[in-house]
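What follows are several structures.
Same chain, two partners: chain A is paired with chain B first, then with chain C.
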Partner chain A sequence: MLFRFTGQLSFGQFAVRTLIVVAYAVIFAPVVMIVVTSFFAQEIVSFPPPGLSLKWYANALSKPEFLRGLVTSFQVALLATAIGVPLGTAAALAIVRGEFRGRQALSSFLLAPLAVPGVVAGSGLYMFYVLAEDLLDRDIKATTEGLVAAHTLLAIPWTVRLVVASLQGLDRAAEEAAANLGASPFTVFRRITLPMMRSGIVAAAMFSFIQSFENLDLSMLLVGPGRITLPVAMLNYLEFRIDPTLAAVATVQIMLVGLLMVVTDRFVKLSRVV
Partner chain B sequence: MAQLIIEKLTKRFGTSIGVEGLDLSVNEGELVALLGPSGCGKTTTLRMVAGFLPPTSGRVLFDREDVTQLPAYKRATGMVFQSYALFPHMSAADNVGFGLEMRGLNAAERKTKIEEALKLVRLSHLADRLPRQLSGGQQQRVALARALVINPRIFLLDEPLSNLDAKLRAEVRLEIRALQQRLGLTTLMVTHDREEALTMADRLVVMEGGRVRQIGTPQELYDSPVDAFVADFVGRCNILPGRRADERQFRTSGGLLLPVDVIGGERDDANAFALRPERIDIVPGDAGEVRGRVQAITYMGAQTEYVVAFGDETLVAVRPTPDAGEPLAALKPNDSVSLQWDRKVPRLVPQTSS
Partner chain C sequence: MALLVVPACLLVLALLIGPMILMFRISLNQFSPTQLMMQALSPDNYIKAATDPYYQQIILATLGIALLCTLLTLILAFPAAYWLGRMESRWKSLVVIATLFPLLVGNVVRSAGWMALFARDGLLNTVLMKLGVVSAPLEIMYTTKAVIIGIIAVVLPYMILTLSAVIESIPRDLEYAAANLGASGARVFWRVILPLSGPGVAAGSILVFVLCMNTYATAVLLGGPRFKMMAPAVYDQFVRGNNWPMGAALAFMLLAVTMAFTVFGSVAFARKYRAG
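Here is the complex of A and B:
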């Protein structure tokens, strides 16, 4: 629609279209810049580049912390999603379907991690972990478990939000129809409710995974030796060097997230859910 | 098929009344329609019969079995929902087969029955479509097949035609009625559409404010409404407040004297005169008992509507549209006319303020 010119445009239409193009440019320019600079041959980014090269990709591969970071990030994101999405889904069901006092409060409470800055939440968790370690006499901070627990806090609010939305738009008459046809409450849930919530749950899983995979601020204080996530590994690298290696790593990250969205979109039309 | 008996069924929502003391029986193979404006309790009643809503008091029986405490999924009613409520992730055939699966039929048995049911509603060629790939009328037929295939004890219809366009509605109305009669389905239907109710039902229940106003055949309700609400709800009706002048006349509050034969059947609190527009004859000129002036003439195709004024009051008469040359054809606004009717036809009914 945007670029289909049919006849004369009024000034208003022209202005709106220009605004849209500018908005997209502003959103995508940094992403495009990162991808482009990852192929520049020189260390200090300047235009025009003296040449193009893949050496920064080679450099990234030669640093074990990046590969290990990628694996850790993947593990943590998968686990946090696997734990957070079922929990968030159950909570969403309680919030929409339950009949108890304080549903609104529960909803606000579960969405709260979205409103708290990651660094604050991370610091809070760090102190909490230290206390818990004293009490339980075992390691929590700088362990995969601790990290997964923290990232589950990212998955829950996203899941609650998306699944609540999909539950609210769900036609309850279909559930009644199933009961009318002889399905027990559990069967109704398994055969009708759950499939109808599917798109919300799939979208929640995707967003939870991405949130965890790219998270830096919450994780900074919680990682430990050998359990460094990719974003933290990138920050660590940045402390000593500035060269397009990070652009190369970021490009790989962007490609992975992009791939994930494309795959998800094959199962659920994302434009219809989000 | 079973007989449906409803005894003193009551549903209160907090302090407000949903349904109050409803008594009704639907005989085997009979179609009874609950008719009334929104909020009259008709849907609440249907939902209590289906088991979606627990009654505050009263009983629901299928044949002699008390099902009041039985959950919906054990009642074996077949319901067609207003929104059709098809399962969006299942094909038409799987929608129809769901109830059979719940009854433990194996795939082969299901297949035969699904084919039969889809054939019944003439949808065999669309068995593999998802609901969203079907038109409204087709979705409705899937919903119908899905409810019928399980051989329900009671067939329930919740405003089954309200989402169809007018032309389709008339068609599906006849189709459902034919199916219901052929299969001998004991049916309870909810509707707010009087035409739907009059054409489909063996008996009607007119409800208002959670209470039954009148139960009877369409003809009984149309010709002998117990009150002005029913008179007005089941069809167009002239309703003029006033009181009886003597055995042969009714005096409207505007002072108009209208001929009526009082049979003695009307209620003591009767304070309105009710007469259907098509029961009124028009004679040009001022020779008759009830004389007035034509205020408006509206051509409606096969029929023509005449609004006749008597001072501040008006009566509406509907006649077959006259051919050219007939006396009525020459009628114009402001002409003098007399109105006549069989004096046994009007009803004197109570008019409540609600």
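Here is the complex of A and C:
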């Protein structure tokens, strides 16, 4: 047994427990650290801090790059989720319920964006956008539309994955019963199928939104003056310094992600989704 | 019904497959400092990436770091994954969510956290000095060590969640049986748990290796401007050099390695399941 919680610890058990503590310490240390740093009174990050303060939150909001970044990221994430989740859900429905050939291949195809590294997909899109701009004579790079289009590539595979999983375990008896009792196909879908897919769709919306909101790799080359997402704005700032103002911005992002997870968990048990 | 997949497929086709084909085509072009690029059909950029010491070193460093990080992550994640996989308390779902949470917070934020920790007067140096472990502050920022720690922190949750899902499915009775027959804890681990979690180890390692290969934010922020890995090198070609053909070739190589491992992983994985 790896764990025996009575009697004396052997060396092996001690080592195993130490590794568990170290693993979780490594996972949480940076997140905890950035939240703590945002409350430091002094601008230069040093220990122990001379005092605590909330002024950096006000300072962060007064910096246009962060405020604009926050707004842009929020817009892009919301739109990409609003477009990607319905499209992904429709595709997932067809893949699980449809009776045509190549459904497995289609599902792999729709999951492909997850397998392509963000920097690679972003480079491809960057060249594609720049060449298309020349051709169409309009801006695509550094526009909300361009960013939203790119981020639907995050929403679609996450939605397909989560909604397919939620549909696969379902019993079709309720749908067949409703149809036998005279419900139209549309009523069956609206009253039976859609509610059964709800947990998958809610989880997909959360993952899509968060994946888009925190995305750096895919977006880096697609931003431009006036249209910078929050992670890119943070990265640019961090290349020069780390200070409590940046920590405050990062803490806002952490709170937002945490809040979304808590809200989602009320609808869907997240631990069962992943 | 089949029509429902069309919009999503068109989007992926237009925004992923199309640009990837375009990228491959551009990687065969030649760089021209005056007119962006010249049409060509030559493997020169790939040959240069494979033979030029500058690119060679980037590729080797990336592979080396990815390999080391994957190994260390596997060792560090296994006990936590076992603990999580065998947990039966009502706290389990909370631990799963807590493991997932840092993953969703984003790499930039987590790298910033490490920057605050590793700073000259940061918490780590202050504690080490107070304890008398070191006499002068350690220079951790902008070293390979910092990047490795940062990457491990990023990929650990993936490894823990993948492994724990597989460990959960190993019947506990097998461990009891082995222990009853006199096997020590270590023996149960080596002879029962580890072999049976093989698929999880393979899947987790491949996933983590690919993620490590593609590290961007962690490498840039914790490694500093002189530290080079593949993803930042690709980005540099577009932003600093404006050298599309070379950038495209490097990106395509990164994609090829990623795909090779992912496909190899899913094939090996499927075979293992069929055999079992």
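The working rule: the second predicted complex is superposed on the first by the 239 of 274 C-alpha atoms of A that agree within 3 Å, B and C clash if a C-alpha of one lies under 4 Å from a C-alpha of the other, contacts with A are read in each partner's own complex, and residues count from 1 in each chain.
Here, contacts are C-beta pairs under 8 Å (C-beta built on N, C-alpha and C of every residue); 3 or more make two chains touch, one makes a residue touch a chain.
This is a predicted model, so every value here is computed, not measured.
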item	value
Which of chain B and chain C A:Leu218 touches, first, second, both or neither	neither
First, second, both or neither for A:Phe109, with chain B first and chain C second	second
Touched partner set for A:Ala174, first chain B, second chain C, both or neither	first
First, second, both or neither for A:Leu131, with chain B first and chain C second	second
First (chain B), second (chain C), both or neither touched by A:Ser123	second
Which of chain B and chain C A:Ile192 touches, first, second, both or neither	first
More chain A residues in contact [chain B versus chain C]	C
Partner chain(s) touched by A:Ala183 [first = chain B, second = chain C, both, neither]	first
Chain B versus chain C as contact partner of A:Ala80, first or second or both or neither	neither
Partner chain in contact with A:Val164 - chain B first, chain C second, else both or neither	neither
Doubly contacted residues of chain A, that is, touched by chain B and again by chain C	none
Residue ranges of chain A touching chain B (in the complex, touch as defined)	171, 173-174, 176-185, 187-188, 191-192, 195-196, 198
Chain C residues touching chain A - in the complex, by the definition given at the top	1-5, 7-9, 11-12, 15-20, 22-23, 26, 75-80, 82-83, 86, 92-94, 96-97, 99-102, 104-117, 119, 121-123, 125-127, 149-150, 152-153, 156-157, 160-161, 175, 179, 185-186, 188-189, 193, 210, 213-214, 216-217, 220-221, 225, 231, 234-235, 238-239, 244, 247-248, 251-252, 254-255, 258-259, 262
Touch list for chain A against partner chain C, complex	1-4, 10, 12-13, 16-17, 19-20, 22-24, 26-34, 37, 44-48, 87-88, 90-91, 93-95, 97-100, 106, 109-110, 112-113, 115-121, 123-128, 131, 149-150, 152-153, 156, 160, 210-211, 213-217, 220-221, 231, 234-235, 238-239, 242, 246-247, 250, 253-254, 257-258, 261, 265, 269-272, 274
Residue numbers on chain B that touch chain A, as the complex places them	50-52, 71-79, 81-83, 85-89, 98-99, 102-103, 143, 146-147, 150
